[in-house]
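Some structures are shown below for you to check.
Both complexes shown next keep subunit A, but they swap its partner, so subunit B is in the first and subunit C is in the second.
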Partner chain A sequence: MIGPSALGDGMFVVDPSRCIGCEACVQACGECGTHRGRSLIHLDQVDRSTTVQTVPMVCMHCEDPTCAQVCPADAIKQNEDGVVQSALKPRCVACSNCVLACPFGVPKYEADFDLMMKCDMCYDRTSQGVAPMCASVCPSQALWFGTPEEFADTRRGTLTNEFQFGNETVRTRVHTVVDEPGPLQVTAGPTESPWQDDPFGLATVEA
Partner chain B sequence: MARPPVTEEELVDRYGPHLNETPPGGWDAGLEIDREVKTHCCFCGQQCGVILKVHDDEVVGFEPWYDFPFNEGKLCPKGVKRYLQGAHPDRLTEPMERSADGFTHVGWDKALDRVATEIRRIQDAYGPDSFALYGGASLTTEKAYLLGKFARLGIKTANIDYNGRLCMVSAGAAYKGAFGVDRAPNPWSDIPLADSVFVIGANVAECAPITTSYIWRARDNGAKLIVADPRVTPIARTADLFLGLRPGTDSALMGTILHILIERDMVDSEFVAAHTEGFEEAAAAVESYTPAWGADITGVPAARIEEAAEIWGRSDTGMLLHARGIEHQSKGVENVRSCINVALATGKIGRPGAGVCMITGQGNGQGGREHGQKCDQLPGARDLRNPEHRSAVSEVWGCDPDDLPGPGVSAQEIMDKIHEGEIKGLLSICFNPVVSLPDSNHTVEALDNLEFYGVVDFFLSESAHHADIVLPGSLHEEDEGTVTSAEGRVIKINEAVPPPGNARRDWEIVCDLARRLGTGRYFDFESSRDIFEELRRASAGGTADYAGITWERLEAENGIFWPCPTEDHPGTPRFFEDGVFKTESGRAKFAAITFRPPGEEIDDEYPIWLTTGRVISQYLSGTQTRRIGPLTEQYPEPLCEIHPSLAEEHGIAHGDIVRVRSRRGEIELPAKIVTTIRPDTVFIPFHWPGAKAVNQLTHRILDPVSKIPEYKVSVVNIERVAAAPAEPVDIRDVAVSFGETR
Partner chain C sequence: MTAPATPAPRTVPTPGADAPAPLDRRGLVVGVSAVAVTIVAVFVGSEGLRWFDAALAGYLAGTLFAIFGVAYRYTVWLRRPPTARLNRRGWEAFLRPGRRGRNVAHLPGLLVRNVLLQTFILRRSISRWLAHQLIFWGCVLAVLVTFPLTFGWLHFQSVGQDAQQYQAFVAGIGTFEFASRSVLGWTIFHLLDIAAILVLAGVAIFLGRRLRDPGAIAIERSNDFLALAGLFAVSVTGLMLTVSSLWMEGSFYVFLTNLHALTVILGLLYIPFGKLFHIFQRPANIGIEYYKTEGARGGALDCRSCGKPFASALQIGDLEAILPRLGFDYSLADGDNYQRTCPRCRRRLLTQAQSARVRGFG
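This part shows the complex of A and B:
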């Protein structure tokens, strides 16, 4: 666990299975008071040619952040809540090491500011007990903010904050939802669905 | 007469759509917030609560409104960026008259005098019904009410109708027939209580995004989700069961399900016997609708139809949600009745978590259709043909019932009569028929036949290009009043800012016009609240009874579900809990639905089905959303969704330009090749005008009862005309298919 904090037991959960790709998170992120006009969220379409699956990617706030480890200027700081922040403007040398190193592909190099910027979990909001902008607006609540008890009471699925990249285990402050307990095998393939392989039953109809 | 005065390009250059990218002063302006106004989003029937931030009488941002119970802060991208329609460079702020070189500012007196003179001249020459009114479902209920009254008493024309005719009328007619009342019978809070959720013809994720959270809450509680749609929509992606049916076969699917429910003894006979009528006839109509027959008609494997019937039939509770996919058809009413049959047969109505709900699409799609801007309707959802209803409303209005005209014709029929030359004058508010109506070439020809066309709007819509007089009205956030959401919840809209420049609130314009026409005594309103107070009285005793609703109560109680006959009445979130329906017999009515094909069917020349719909970032004809930069960038131009097997047949690669042709017209646009659509069907979204308008292809065959056009089913052929441009129009959309991200 990461230490005591203004966040209390506030927990940020990303459940991509619910994502509808609407980009409300992207649009709302850009309305945040601390980086207005600039969205720091990534909304990835997995492969639009075969699926409408999309994945919202916020900073996972690693317990031992790779971005900070690889920063030659020591510009990336973690606050007392374990929230990993954008690079400090006076220190950032815009080398993009962090952009390349992040296992989740989160930091962005913003040329206008010559600075790495990333999601800080809306610390201005979350430290006051208010949900992050993206989780506030998310229509399907693929992005969710609350306490572990609230999650257990209202949502299905098991939480994990351990991600297995080959031999590397990454623990994060942000959680995701899995079917089975245990670390999420990031490099595993997609899960099966009863009808996804043949949504229109073409095999059946032709047979 | 009403051909645009200068070229479309010049009009677009002057009046937009231009893109508003940032709030006033730019992102870094650091403006102080003078006030925060709790109101609602204007961009769909869910009417999510939102807080608008105001600086110096301009809306400069938003904040989630966590305490509003429907959406608890949640918003789709349209809700987030809705505020950018304010302080917009394209905003109309002066009355204008067409002139040789475009439109000239003329001042209110001259503009209103001209409108009044034209109304009088045309009605004197050709009769009262030769002048028509078009209203809109984006208007507050006060304005919709006022417009209905203006038609009947202000200018005494029978011909008033509204763009809700393109939205909710099939569902409305079906619910009125089956239940005796046109409203979703259950509040949305019933969705999470359901054991099964059946979504048919509703792209919930893109058209009613917040509803996805209700469906997920049901799934969190263990509900099964069934989705029927010709496309794998975002809500369908994770469904327990997906029924990828052929466009125009919905009633065959639901008829087959009813057949299976009967065959396998899943009918709630007790409920059917006690509370319904017509079951035998409905059952007889589907007697031959075996799973094999259903599979043949719909293209859905028989086993999946059987599984759907089992999931629905075996669950104690269930919510069936439907929208334009089944309603925008020449058998839209029959499709909805076939859904209601399936709900009634299993006793899924009038209980927590059990019901059938239409998802109203337009902002005030519910309230806007209850109080008189429909061609056959009087306030309180009363019937213009009914003598008792006529006298009840006449008493409130202080007129003789004989003074009220009879029913006129529907929105598309008004345009047809304009085309034929029978209707000579038109005044429209909040309606963009050039983009909205099917067969847009026909619409443009019709508008050119008008002797006079007046438009009240806040931006110069593509229809307003054809106008003689343009009057700058008010945006949603520039006036106060009420709307009624998809749930039947009446809510309060608050004014965040006054109309800019010389723009005026729409109701002020209508009242001023009535004064000029000598009928001002019926329109002596000082405020929107005055109109609401009269509406309360006029609706009293009607089906949609607002008599007990006050603006103060709406704010204090986060809205009230109608009917609410007295001030101490709590409102009515759920209908029929006592098993009594609002029909004459008190019983819910089954309908005998025999499947019939759509108005147009594929043949050798036009071998492909075309279906149309929305995208998440745009709203209706796009008059507002095509002016908001961040929304437009999300999906800049229409793309044609094609299955790879169909694309291969025609040698079409991703991003290639294709020509799609129907009997009405043709359109060229980039191909988006996806396995998420049926191979016999293409999809094109409808928010764009001119050369990008898919409504050039759609046809004008209407549902015989609801008069809704069949946007969801027409037939086309396709061919490749060019390789993908070096710079695709929607770079992101093409790029992502190759694994790149935004």
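This part shows the complex of A and C:
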């Protein structure tokens, strides 16, 4: 579906489990050339009282973007590299359909600009083979950019770009890390994840 | 309108894979009707073509094509499921009994802020807003002068035997008089030059930004330059007519007339297809304002995960109805819909699912 690209074999990998919540990416994102001064990455906390896990979120760049499909103004375009771009400024009518429909919760409605803005994978950088701003500063490699070979050489885990939300399977350009191959079931598990009581998985280690 | 039970096939083609679409019948009807209404208006307004200027026939042809194209595209655009629903919701909100008075009273402010002054651009940057305002008012001025002239709705006649005194006639009705050698006369005869200078100033600011800003260069498309190039060509060739008559003793005037006509007609042909279509599309933002007000009045929906209110129940309901028609099925095993999860919880659920998969701190 996605042909030869300006991104070469560069691959953006998000591994939220490695996020330490340092907010370097939040600062770096604001330096992105395509939306200077506005940080568009999300960094939340799950629940400070029960876990130190933090939630980094960049645009996953869906192959069939829900945001673009629900846009009444046809303002969200996917370029030839499969990068889903921020809303076209002359077209966006600021209805927030995309903000509410995105399964990953990515687009931001910027009230003062009356405009939706979102991560465009630092296309000014990635199209030149350079890592996105956030990945270039992430100290724990929760946000990582490189080739599949580099990933295989330096990282553990398997890559997936399939996410299951109820009956909907979403394929994305950005990958995440899982244990075994197969889509990530986002909505299948309980809301409160049991690993919080056992973050290092010690209980599951065979005696 | 209820959603079909099974998701429809995805309608938006992937880049490079779009097949030619058949012509839309309703779009054709609306487009042809708009052209017919314009032709009748030209005929009536020019007193049976008495004041129609045959030299401007090419401009009229270009204008009719642009009117057809814009009406056609607008009609097709309004039929996309999300557009159709928001269009209907916007009008419902506006015409809601008991709210109409307030809605109408609210309208002039919205039109001035969002359509005429475009204050939302000002908050992005002053230079962008200035450039857009210059081009906007330059184009408005040019349209107000050229369309009535092309349609034969506006002409000038000398008053009696006084060659210096002119009177403007609109649709055959005499309006104000002015001395052709006065400041007012000079201004009226140079309105298009003024419009061209406004547009060129705006184009220069935009072009400077497009050529220098690396972020803009990375994401811009040929469309962005084409619109600027078109505005530039129309303005410069128009100004050249004045230059020729004032300082070149009319040299190349006929050639320049044809060149200007060519750029304008090409520009008119481009309007329905390119970036300039936003002129007709973006004002839909006014309807969205009423939709948002209506949504806020109707009450918020609580997130199915954290229980906190996050969006208007109206809009989430609309999305739940639209998504199956676009080929998406976000329904969950327990009968609920994933779309009732707030964006923050969506991000959190993904992280928790991923982190659990790699047993935390992978």
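We take it that the second predicted complex is superposed on the first by the 187 of 207 C-alpha atoms of A that agree within 3 Å, B and C clash if a C-alpha of one lies under 4 Å from a C-alpha of the other, contacts with A are read in each partner's own complex, and residues count from 1 in each chain.
One rule holds in what follows: a residue touches a chain if its C-beta (ideal position, glycine included) is under 8 Å from a C-beta of that chain, and two chains touch if they have at least 3 such contacts.
Note that the structure is predicted; figures quoted are calculated from it, not measured.
Enquirer: Answer with first, second, both or neither: which of subunit B and subunit C does A:101 touch in the superposed model?
Expert: second
Enquirer: Classify the contacts of A:178 with the two partner chains as first (subunit B alone), second (subunit C alone), both, or neither.
Expert: It touches subunit C, and subunit B stays clear.
Enquirer: On the A-aligned overlay, A:70 touches which partner chain: subunit B = first, subunit C = second, or both, or neither?
Expert: second
Enquirer: After superposition on the shared chain, which partner residues are touched by A:50: those of subunit B (first), subunit C (second), both, or neither?
Expert: Once the two structures are laid over each other on A, A:50 reaches subunit B alone.
Enquirer: After lining up the shared chain so the two structures overlap, which partner does A:131 touch, if you call subunit B first and subunit C second: first, second, both or neither?
Expert: first
Enquirer: Report the partner of subunit A that touches more of its residues: subunit B or subunit C.
Expert: C
Enquirer: One more residue to check, A:156. First (subunit B), second (subunit C), both or neither?
Expert: Both: A:156 reaches subunit B and subunit C.
Enquirer: Please work out whether A:114 is in contact with subunit B alone, subunit C alone, both, or neither, and reply first, second, both or neither.
Expert: Second partner only.
Enquirer: For A:200, is the partner it touches subunit B (first), subunit C (second), both, or none of the two (neither)?
Expert: both
Enquirer: Of the two partner chains, subunit B (first) and subunit C (second), which one does A:141 touch, if any: first, second, both, or neither?
Expert: Once the two structures are laid over each other on A, A:141 reaches subunit B alone.
Enquirer: Counting contacts the way the document defines them, which residues of subunit A are shared by the two interfaces, the one with subunit B and the one with subunit C?
Expert: After superposing on chain A, subunit A residues 17-19, 36, 42, 44, 53-54, 105, 156, 193-195, 199-201, 204 contact both subunit B and subunit C.
Enquirer: Considering the complex alone, what residue numbers of subunit A touch subunit C?
Expert: Contact set of subunit A toward subunit C: 1, 3, 15-19, 32-36, 42, 44, 46, 53-57, 63-64, 66, 68-74, 78-80, 85-86, 88-91, 93-97, 99-106, 112-115, 120, 123-124, 127, 156-157, 163, 165-168, 176-179, 184-189, 191, 193-195, 198-201, 204.
Enquirer: In their complex, what parts of subunit A are in touch with subunit B?
Expert: Spelled out, the residues of subunit A in touch with subunit B are 17-24, 26-28, 30-31, 36-38, 42-45, 47-54, 105, 131, 133, 136-141, 154-156, 193-196, 199-202, 204-205.
Enquirer: Which residues, counting only subunit B, touch subunit A once they are in their complex?
Expert: 22, 26-28, 61-62, 64, 66, 73-77, 79-81, 205-206, 209-210, 212-213, 216-217, 219-220, 222, 232-238, 240-242, 244, 295, 299-301, 303-304, 616-617, 630-631, 634, 644, 654, 672-676, 678-679, 733, 736-737, 739, 741-742
Enquirer: Which stretch or stretches of subunit C touch subunit A in the complex?
Expert: Touch residues, subunit C against subunit A: 10-12, 14-16, 77, 80, 82-83, 85-87, 114, 120, 123-124, 213-219, 275, 278, 281-282, 284-285, 288, 291-292, 305, 311, 315-316, 319, 322-323, 326-333, 337-339, 342-362.
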